[in-house]
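The structures come next, written out as structure tokens.
Presented sequentially are two complexes of subunit A, the first with subunit B as partner and the second with subunit C.
Here is the complex of A and B:
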């Protein structure tokens, strides 16, 4: 009975039902969403990793890459070192192009001598006024037991993801090529790819492998079958290493199948006795804090969606790939790394079908602990849901709950007889008329306006990025005030706006935001979560009423606070905190857009920025 | 869903309306042209989308048929092309779409503008608010023809269909011209247009009964009314004759009558191609054991056809509304639906602007449709390209899409019933509906 009367009370109190309650529910959604994420590292919510695909059999074979192969390794390394030092010693006389050509020739001759088919591919990319060019060298071992329909890729870039010279990695790839060629057990082709760097080379190669390359990239003269998996080897120093660092994030937050990561961890840890790390967490003690930190680092990389290594370019083509980086100072030498890779290749060689058993959506918090999408998705969905709840509440409010008393009909009118004279029929509980044309066109128009900064930030030359960012900070301060003034006063452009339309504008804007974020959560959870949190204040922006000084003071303060979470301001803030220059970040972003097909910018400029702008306009309109 | 489009009285109505019409049509044309020229890959991208192109309206498949046709091979060889043969000589006249995409694109833009013009005629007749047997309570709440045309021309679904050069636009024209001729009292042309639409896609033939009733109601308003029976039989014969004429022409083109019948209408009826689309059939028939296939084909078609009788009987006084709601039913339940079917339903909805105040779930239906139109491509991407999802993802979203459309449809029908009821019980206007 108490509940019934509570519901009846609620129905009779529209202010509570349509104004207070949605605010409260939205706020609770956000809080629960955040708390949910914070709970994930606990043992109760995360799970132990396991190998789902039985065919992989990680670590079940003996790895024979030892002893005499080390001599081959040393020999190859000496030859490559010779060429490199030759270039360095003569300094100015011999330019880089010649050294590169000599190295390429040497690679080809070594691989050819080992009995592999070798080919090269030249490519060139231009982004933000910078030209990137290079030449990929690659070689194929045709599987003695296969029919060239499937292949595994081993990548050893000359430059690691951190731009260090990866001499040991390249040498190891060459040694492994010679070693693998002599085995008769391969049922998949093995491709050895040596790109000049980790950013462009694999992208050009994989695009051309699938005939999706732009005109500035050469097609591949030599191909094999469908790629089943890719491993990237990085060993950029001379001393022995302690642990393997496994990098797994792909472009746009796509991840490789969890089985591949698990196999690498199982082989490195279980078979070879080398520890495995992830997300640069060196001293992981499996505590709550460290798990959370690992998860946050993973989410940041996923959310920003950039390529974290040479493996990232494989992910959009549905090829599972990871990078193995050697880290620390310890006991393990290049032979141990070689054995690990041999064992991994043997596991991949066992695959009967593409990796599909295990998870594609996961958050890792330790090399053997993860949460899957079913467990973590609700947190981003709750945050996206809060916007939808507000949008629905505002919509209902504009229809049923009279905002300004005099213009709307009295609430308790019961007599249906009067006021029939002027063709209008008294409708006691049907909805009020909504004026949608202006709100709809404003919201759609501002979302389309987002294309302008999107175009600018992807096409300006790199030296102007910093200036452009500051210009946009200023634009973001002025534009909302300008729009608010036009809306409130008309300024001869249109009729002044009525209060109902403010609610409709906010409703549509939040509806679109909630819609985009919940769609995004299924593609890139972390990005959706981050944007959702940054946009959270927009749910609660009211249009202030009251005395002029009060409105002026409150809305100015609100605008200042909102401007602190505007896209360019957040960019500047994060760059300052991380100690990187804005130019570097934006050059990287433009490069990602042009080369990797990264679409983080689209979300920022066509989802976040318009929603933020509309929030500012609504707050700014309180001034006028 | 109300707007304040053109509410103020204008001193020079004719001139101003003309100018608005030109502005809307011109803007629609320029927008399409800009989209085609600024994003040259957009039409091909849209042509490949399963939401836009189905096996029976895909422009790619038309190109394939055209290629065979121009080389004197039967276009139905190879089992890719399933569209009406008369489209082939028409497109053979246009320059090759691969090397000269613009003429074909402009042809499609013009078809879209023609469709909008037909819509304006329908709106101008006022049949949606006041017909022979029915007069809506809220007659004054309506949009003028230009707004209705704008709603159609700037609908993203219409634009996507137009840019994707889907051949559904010709069926849409057939249907819209059939209606506009019927409301204009030109029943012979209406039947010819319906014959054309039925010839192209078969299912518009189901619209015959409401359309002939619409023509009949219009005829009764004039002098010398004929008897209902002979009127309907005459028009049925006319429809059959027009279809037969088109089939005869097709036979001349293809030569082999049975081959083209089985490749086009057989394909519509038996649904052998289960490529994913936004409808409900493909997943159902993939999952089904083969022995049940014929039975359920019958059930599905019967289900689709059964709405005709029920709606026509219940809304005898508003045949135009029956056509509108049937188009909504087709958009959900026909075998190869695409977004063009939904866009046709959305095109006719604004004619019932006076029902909008009575509708209760527009926002929820609209949100469901918006959600599914964003999530649909995302889940399709996860399924086909990223490989991290599966067919159930996409099917779930097509269910939501259909649910959104059905809610909207049911809500419209509710509003129409309520309108009729209020007309009969003027004292009850505005009372709350209670489920008993």
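Here is the complex of A and C:
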């Protein structure tokens, strides 16, 4: 009986169903989403990594790169050092040594002497008023018994991802080129690429390799087959190293096949006895905290979507690539790194087809532990789902609630059980007509407005970035209030907004947000998760009623809080916390947009910012 | 009396046994690797090792069907071009100079394999690709590759099931394509592959039980891959060290007793029940009965009593003729009985018999034969008249 009456009550008074329940479900979605993510590092939810591709056979070959090759390494290094010193004598400190023409000639002559075909490529990029130019040198070993349809790339940039001079790395690449040339067991061509830096060179080269280069980049005079994998070598110091740091994040959060990472870990750790680290976690003790921290660092890089090294540029072309960085002070020398790379090349050489067996979507939390997309995806999906649930609930609610007497509504919310008068029941069951024009045009208009900051932040000269950000903070404070005032009072421009339209605006905005984020979650989980969390308050913004001082006080407080999570404010906050200048970050972002094809800004300005703006407008309309 | 009977029985058995031992007249070997790709180097090495062994023990290339789905010797990844080794010491190049691969690359398919066994091949298929075994042939079938519960993967896209294989052997038996057959298989869950065999005279052995993996023995760090599987390695070790010549008297029992699970890392299995005499008899077959080449010649002597010999066939036919004659006599006797004993059934059957016994030219029924002849003559006459009239009329019109 009790159940029956409860159902009847619910039917007579769907307030609970439309107003209370969605709030509760949305909130639970967010909480479960976050808790889900926090559970992932546990043994029960994460998995041990394993080599999925049988053909790789990591560490099964003996690596012979030792002994006399070291003398060759020293010889090459001396030659390059001499030329570098000449360059330094003429200009600047060591780390800013320009790749002079003499140096480039030397590279070419060394590679040519080793019997490789050599070519160069000049390129130039302009972004945020800064011009990046350089010249790539590369050489190809044609597989003596292979069919030249596939190739592996070894990259040794002159400057590492951290802008240090990578002399040992370049020398090692030259030595390996000479050494590899003498083996006759290559089934794939091997390309040695020596770009001047880690940011632009590989991008220009890989774009040109696939004929996708802009006009400012020269085409490649020499090409080989389809690229199967790429390894980047970084050894930027003179002393011996302790561990290998494997960097794997690509542009837009794309990742290389997990098998490549696993192979590198297996060879470094298993065969060579060199420890492997990831995500700059040096003292990883495999505890829950460290795993979580590793995962969060990975997610941050994935979410921001910038290139973390020379390997990142390969990812958009579906070429699996990683960077091997030497770290720490230990007893491993350049020969050990060379052997690791030799063994890795032999493994890649064993491949029969493109790496495809293992995961492309994963979160690593230790060099031998990961979660795959099936396990982690629900987390971001739940958070994205909360917006969709709210949007649907609001849509239904606008259809059933005429709400001709606005004063009745707060009472409904406070005490739904008291409402049993026939009067209200009749009122609820009336099907309302939705006034869609204003909500639709507002939501679409504000999303289009997002193109303005997108354009501005990608095209302003780099020295104005900081100013622009502050201007946008101010704009973000004023614009919502202005819009709210226009909407609430008309101000002669339009008719004042009615409560139904308020709900519709919120519904459309959340619907778009939910859709975009759930789609994004499958492509870039971390970005979707981060934006989802930052937008979470938008689901619960109420339209306040009551006395004027109360509304004024509450909504002002709400607006202040919301402004703290506005895109420019978050940017400033994070920059302050990380101790980097806003200009650096935005220059990097603009560079990413112009050169790497980074899409993070689009998500920020065309998904997050409009949703946030509409949230502010709705809260602000409570004031007026 | 009983003792004498026993003695006679034992003597007969001995006679029979000696007859069976000398029985097969040729040896054939079908050696199949079913996997391609560089990382499956060891499967080709397995087969090539066995190929080398059977050749060493005398089976000529013309009687070995070698199926290799991939060419490891010429793989660009091979650090030692043109060679295949099954041991990291690289003492013996299995590819060597004398190797005849009968089915290679994508010719190695389930269909081709079954067609080969059952001889359902087109006329234009050369002899090198045919299994020319007959009722006097001992056949060795060795298979290796990647398998599972009751299947063995061929190449990358198809597989042969345990029933397919059992039926192929069944057909071979019906078509008298083997005398005795030794089936060996080295794959994961290998023993499941011979569970469905039903044709007689088969001894089957495999490397691992159901739900067990078969493992590789060791890898060559310069070639960079595993070079041989464990079970095959230890079978070969036995063959190479113990069965040193074709005169070896070691028997299958010795070979199967040499299995050491602690070395093989899986439980090898043997199936005897299809063999006449079961395990007891089967164990007595020498290893070279299957791995070697016999030079026995079938002599059609008067004493030959084994099934399929001409002598026995003739005797059988004589017996049949005698049986029919007996039956005939019986029937005529029955016919004689039926004259006195009149029952419907018996009468009709005896009448039938009688008709049958007096088969000869008979006249057609007699009724109104003259009338029919008249009709015939008149029809012929009418036709002639029409023809004559027609030709006259035709000429006048011209």
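Note that the second predicted complex is superposed on the first by the 576 of 624 C-alpha atoms of A that agree within 3 Å, B and C clash if a C-alpha of one lies under 4 Å from a C-alpha of the other, contacts with A are read in each partner's own complex, and residues count from 1 in each chain.
We take it that contacts are C-beta pairs under 8 Å (C-beta built on N, C-alpha and C of every residue); 3 or more make two chains touch, one makes a residue touch a chain.
Because the structure is predicted, anything quoted here is derived from the model rather than measured.
**Q** Using the superposition on chain A described above, determine whether A:360 touches subunit B (first), subunit C (second), both, or neither.
**A** The first partner, subunit B, only.
**Q** Any idea whether subunit B or subunit C touches more of subunit A?
**A** B
**Q** Output check: A:624 vs subunit B and subunit C. Expected answer is one of first, second, both, neither. What do you get?
**A** neither
**Q** Figure out whether A:27 sits in contact with subunit B (first) or subunit C (second), or with both, or with neither.
**A** Neither subunit B nor subunit C is touched by A:27.
**Q** Looking at the overlay, does A:296 come into contact with subunit B only (first), subunit C only (second), both, or neither?
**A** neither
**Q** Please work out whether A:237 is in contact with subunit B alone, subunit C alone, both, or neither, and reply first, second, both or neither.
**A** neither
**Q** Taking the superposition on A as described, I'd like to know which of subunit B and subunit C A:523 touches: first, second, both or neither.
**A** First partner only, subunit B.
**Q** Shared contact residues on subunit A, subunit B side and subunit C side combined as an intersection?
**A** After superposing on chain A, no subunit A residue contacts both subunit B and subunit C.
**Q** Where on subunit A does subunit B make contact in their complex?
**A** Residues 254, 316, 318, 354, 356, 360-361, 388, 391-392, 395-396, 416, 423, 425-431, 433-438, 440, 511, 515-516, 518-519, 522-523.
**Q** For a test of understanding, state which residues of subunit B touch subunit A in their complex under the given definition.
**A** Interface residues on the subunit B side: 1-5, 137-138, 140, 357-358, 363-364, 367, 370-371, 374-375, 378-379, 381-382, 385-388, 427, 429-432.
**Q** For the complex, which residues does subunit A have touching subunit C?
**A** 54-55, 57, 60-62, 143-147, 183-187, 346, 349-350, 352
**Q** If we count contacts the way the header does, which residues on subunit C are in touch with subunit A in the complex?
**A** Those in contact with subunit A are residues 37-39, 74-79, 81, 219, 221-222, 224-226.
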